[in-house]
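Next, two complexes with chain A in common: one pairs it with chain B, the other with chain C.
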Partner chain A sequence: MKSGLFGFAILASLVFVAVIVPFYAPYDVVRNWSSYGPWQDNPRYAAPEWSEVFTGKHLPRTMIFENDTFRRAIVREYIPPPKGPLNITLINMTKTFYYDFDDFPSELSLAITAVFPAQSPAVQITLSRPDGQFVPLLTYSVRNEFRNRSQVITQNVAYSEVMESKIRAWIARENNGVSPDKLTNATILPEVALFAKNDSAQLDGHQAHLLKGFYQLIVEYTGFTLVDDVGVRFIVEGTVYGLAGTDDHRRDLLTGLLWGAPIALAFGVAAGGVVVLIQTLLGALGGWYGGPIDEFIQRASDFYLVIPTLPILILVSLFYRPGIVALLFYLVAFGIVGSTTKVVRSIVLQIKEEQFIEAAQSYGASRGRILFKYIIPRIMPYTFALVALSVPAFIFVEASLSFLGLGDPVLPTWGAIIGEAYTQGALFYGWWWWIVFPSAGIIYTTIGFALLGYAFDKVLNPRLREE
Partner chain B sequence: MGLARHMAKRAIFLAITLVIAIYITVVIANGGGLIDNILKAQIKNDLTQSLHNNPQYNLLNQTAKDAYFNDKYNALLEARGLNEPFLAKSFRFTGDALTLQLGRAQYIQANDGSFQVVDIIGERLPRTLILFTMANVIGAVFGIWLGLWMARKALSSFDRGLTVLSITTFIVPPWVYGIFFILVFGFQFHVFPTQGWIGVPAPPSGTLAWYGDVFYHMLLPMLTFAFATFGSWSYTTRNLVLQIMDEDFVTAARAKGLPEHTVLTKYVLRAASPPIVTSLALTLISAWQGAIITETVFNYQGIGQLFFNAIGQFDAPVVIALTAIYAYLLVVTVFILDLVYGLLDPRIRALRR
Partner chain C sequence: MPALEVQNLKYYYRTRRGPVKAVDDVSFSVEPGETIAIVGESGCGKTSTANAILRLLPRNVEEYEGHVRLSGEDVMEYSTEEFREKVRWRGISMVFQGAMNALSPTTRCGLQIAEPLMVHLGSDREEAVAAAAEGLKNVGLSEDVLRRFPHELSGGMKQRVVIAMALVMKPNVVILDEPTSALDVMTQANIINLLKNLQRDAHLAYVFITHDLGLASELADDVAIMYAGKIVEIGRASRVYPGPQHPYTQKLIHSVPLLRGESAPDFIPGAPPDLTDPPLGCRFHPRCPLSFGMCGWSAEDLQSFLELRYRAASEGDRLGAAKFDQKESWRLVVTPGKDVSPQALVAKIQALIQAESSKSPVLRAIEKVRVGSNKVEIVLYEATIPELLGEDGQRAACWLLTEEGRKRAAS
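Now for the complex of A and B:
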């Protein structure tokens, strides 16, 4: 009985998750699971935050600096002739932050929103470092592609060759012992080089030495009207995120994992329930009526046991790309008869000989009435056990199809997450969180149903109870 | 004669099953007219290319060109039988698949560059058969041994613990364990290669070393699979043995003073063998099908991984051919096990007299 309680506790916890999850992440979030937009501020391939316990380091969190956290200084001036006539707006945006983590950030991201009526403004971006050095990163003019009035252009500042050559020039200027060969040929990782000490290891990738302290990002904007304005958004991406990390699309895996629970539960229980009920009914029908009906159902279930269900299901998914509800229908179609039919039939054959059936016949109950009022209620408990035992199988069918990339195109399911992790090489790169958590979710659910089914089985199967 | 008749009946039933299964495959695959469109596009493309290189054709004027092209195209459609109605075509495709005329792949090649589906499947089928048969045998032997042990110590904490372990391991499919095992034994401890059926880029030279390498690559998927299946064996064996132990003939054997070991192997296990054989049939069937994902996880180039690749590249002829092969594999497995069952089960053997 203990195992049944355990199983019940596991399922209760899953139901609890299913109830809680809309509060953590509303359905709207999940509907956008497969689109890029909502996730782009998160770091990529970030491990869970608590995993720093294993490394003993304080790993970098993502720091997002919104526009209104920047300090701004604005000068608007009309310069009359002879020097002009010229309108000019100088905006100086600075953001100071303290970098105290034990590892380099994983990415830097800077977006500039320029508001200008006519002429392209100029922007200069500089990073000031704790060692007092200023690194000029970029000077460029915001492109005025559409040539219409009152422009608002938001641009992500892309890492470019210009920026790379500026970083190389800066390192060369500081003359810190990096070999000339490396200076020209080594790959520059800006998130490392900019946050590393000025020593000979600065260009050695992640072997460089981290420089902690106060950094300052400076954006100097020069516009050519009196109404120009600028907004800056700066993100220093960390290497850890949340409780379950992120994937290649920067998605918060916790959201997907939590939503995986109700999806798996609903799918498994619906498929298992419907399939087992239909099979039970047909098995009872065959066992009770006998004759040609029985023969037909028997042959049909033999047939269903032999056809290659999974390859055919894969074929169906490949050609018709069903959503999760359509998949449910296909599974039911391939499970109308099967092993449950056989089990139920043999039970009905036993019940048929019992005296209460004879009694019912003697007072003139119709055959249909006996089947539905006397026999089916007797086999219902077995059916519950069989439903509980069959749920994991259906969860796994869905997971397997999703793993192959043939699952529901929108919703996050555990199998889909594992499949994406696998195809993105998570095993090879060691992004363990991406694989371990969804697998653990599947196995946890499976254990729950298995324990429950096993407990039912013991209660209902007198032979096992005798032990 | 009883057994022969029984087997003949089964053979007929399985043959009908096979035909229906393949027919379903063909219907599903052609349901949207998808394969036809692919084939027609392919023919059009081939024809355009070949005519493009024909100087005489290039000298014709546009109307003559079009007329010539359409003539040729329709003739080709006729030759490939693509302008037949669906029903006739579906029967023809079913016949082709049944006689293993599997046609040409669109993208996937065999190692020697052949596009013939028979060649592609032929070079991969043995790998899958060897891997999964061996894995099944290992899982079965270990599981039955464990099951007997569990039955002997029934209801001890050893038995209870292993029962729960058995149930969990066999419900979770092998590919989930595969991912964990690759992570642990492949990438963490470097005990086993993480993928492939043979070392790349250069397999070792020498026949013995070559076989050794193949076996070494087979080991981790094999152990994974055995791990995922032994539970079903130990659990089934344990329950069967516990049931049979209560039967009168076992009590009689014990009363005769036979040693416990003899009772267990000669009486109990003998009586348990028919259901065990049935369970072997079922695990083998699910093994063949599960190979699609298990092999993909291990990047083991058998027919399962081929199926996955064919899906990814949308190589429909290969997908349909493999489904047909799967139907064959399943039917043959069931037939062989029916035969073994017939030999083991005294009730069917009795029909022979």
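Now for the complex of A and C:
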């Protein structure tokens, strides 16, 4: 009985998760699970935040500096002839932040949104460091590449070639410790170089020494009308994120994992419930009526039992890429008759001979009435146990298909998350969180249903009953 | 007019080994307000008779015929649907063997009692349950039993529920199939009293099926003794109990243990016969202490007897028979061995008859022994099934009741 309670507790916790997950991440978020947009601000391959207890370091969190957190100074001026006539707008935006983490950020993201009705404006970006140095990152003019008079242009300027050469130039100027050979050939990692001390290891991602303290990002904008405007969004991506980390698409895995619970539950219970119910009804029908009906149902279930469902589903999924509802439908179609039909039939054959059935016949109850009022209620408890025991199988089928990349193309399921982790080489790169949590979800759910099923079994099967 | 009249009812099951003659030519009738007890050993066809009357037939029915008249109307003519509507529970209801099993474990008792009403009259639930409450009161149970499940009741209570269920449609005839066999003696007495009261109030006719002669005597006006699918004795209880005529009835009555009797209870040696191949003639004759030539011995019986003697005898005393050949059930042809003449064989057989016919009834069945050129033909009395004989109050199927039989038995 204890195992049953345990299983019930597991299921209750899953149901609880299923109930609260829409509050954590509404369905809209999940619908966009496979698109890039909503996840852009997150770091990539970030471990869970709490994993820093293993390293003992204060690992960098993501810092997002929105436009309105920048300090802004604007000068708009009309310069008359002879120097002009010239309209000019000067905007100076600065953001100061304190970098106190024990590791380099994983990535930088700097988006400049320029609003300019006519001429291309000029933008200069500079980073001021705690050691007093100013690093000119970029001087460029915002171009409307499409020449379609669009006036709002957003460009992510981190990781441009211009920026890279500017950083090389700065290191060449300020740091004599780096060999010229390295300076010209080493890959520049801005998130490391900009946050490292000026020493010989500055260009070396693994050995560079972190420079903690106040940093300031300075954006100077020069526009050539009086209505020009600029917006800046600066993100210093951390190396840890949330409770479950992120994946290659920068997605918050916690969202996917939590949504995996209701999806797995709904899928497993719906598939298990419908399949077992149909099989029970058909089994009972065959057992009770006997004759050609029974023969037909039994031969059909023999036939269904030898159909290799999973390979066929893989084939179907390859061609049609079904959603989760279609998949459910396929599973039901492949499980109209099967092992449950046989089990239930044998139970019905037993019940059929009991005297209360004879009594019911003697007072004139029709065959259908006896089936639904006397026999089905008797096999219902077995059916519940069979549902509980069959749910994990269906969860596994869904997970297997998703793992093979053939599951629902939109929704995050545990199997799909494991599948993506596998194809991205998560185990090779050590992105353990990407594999461990969804696997744990599947195992947890399966154990829950299995324990519940065994508990049912013990209640229903007198020979297994505990003293 | 009898409430129920059963005439020449035959009900054979089909099996791979041939038909099982579970009910073979059974006739009886019961008047309204009276009880007929059908008594017999396990497997003698009592319950099959009940099932045959209610037409509760399994798939493997070989033969099912005869007449069942309900207040004069022959219900055997009815179609299945007609029978279900008019006879089951309206005309005849049944209390099943072992009430524990006759109730559906997943239905509350109230609904269960009400079920026949809902099935037959199409009454709605409340109406039917109200009738069920009434029925429960009649069998002495309180109304809260309505909401209980069968497993929450004691054996006696369950039996009362089953009885209430049988009476809910107010039938004329109730078949009681071992209604008390799973109950303790006190509860048994209670239930029997209840049944008596119900019968008096509603003028019911009971067919009371039991293996317990004592219990049958409590309730029965008439008693029918069944053996191997046939009624061997039937009559008023007041006459059958004190003066049983059939040897089987006599044995049966003597096998009832007395609480403080001097004599130990008697028993009947052997086991009931295989009903796929019942003995010829009187079916009881192989176990009957009084059996004689006419009772139904066959050539097969004689052959096995002779073979047994042959094996038991010492070398000089052997029959000298080489081969047995059963021509008919009443004719056995014996071929003597190489160095034995047919005449010598006949002499040996005659000697055997002389010496042992008092002990072995099968030898008494030999009518004559004929000598052929090189074989011996033994002719037996032809086996015929005895009819129920005697006047109306008590009839028994035994050759001893005939003039000829008595003569033969004496010789």
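Everything that follows uses one rule, which is that the second predicted complex is superposed on the first by the 457 of 467 C-alpha atoms of A that agree within 3 Å, B and C clash if a C-alpha of one lies under 4 Å from a C-alpha of the other, contacts with A are read in each partner's own complex, and residues count from 1 in each chain.
The definition used in the following text is that contacts are C-beta pairs under 8 Å (C-beta built on N, C-alpha and C of every residue); 3 or more make two chains touch, one makes a residue touch a chain.
Quick caveat: nothing in here was measured; it's all calculated off a predicted structure.
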Touched partner set for A:A266, first chain B, second chain C, both or neither: neither
Touching partner for A:S439 - first (chain B), second (chain C), both, neither: first
Touched partner set for A:R378, first chain B, second chain C, both or neither: second
First (chain B), second (chain C), both or neither touched by A:Q361: second
Partner chain(s) touched by A:L86 [first = chain B, second = chain C, both, neither]: neither
More chain A residues in contact - chain B or chain C: B
Touched partner set for A:Y320, first chain B, second chain C, both or neither: first
A:V162 touches, of chain B and chain C: first, second, both or neither? neither
Residues of chain A that lie at the interface with chain B and also at the interface with chain C: none
Residues of chain B touching chain A in the complex: 13-14, 17, 20-21, 24-25, 28-29, 31-32, 34, 154-155, 163-164, 167-168, 171-173, 175-176, 179-180, 182-183, 186-187, 194, 239, 242-243, 246, 282, 285, 288-290, 292-293, 296-297, 307-308, 311-312, 314, 319-320, 322-323, 326-327, 329-331, 334
Residues on chain A engaged by chain B in the complex (per definition of touch): 3, 299, 302-303, 305-312, 314-316, 318-320, 392-393, 396, 400, 403-406, 418, 422, 427-428, 430, 432, 435-436, 439, 442-443, 446-447, 449-451, 454, 463-464, 467
Complex contact set, residues of chain C against chain A: 54, 56, 59, 84-85, 88-89, 93-94, 96-98, 101-107, 115-116, 119-120, 162, 165, 169
Interfacial residue positions of chain A with respect to chain C in the complex: 290, 354-356, 358-366, 369, 373-374, 377-378, 380
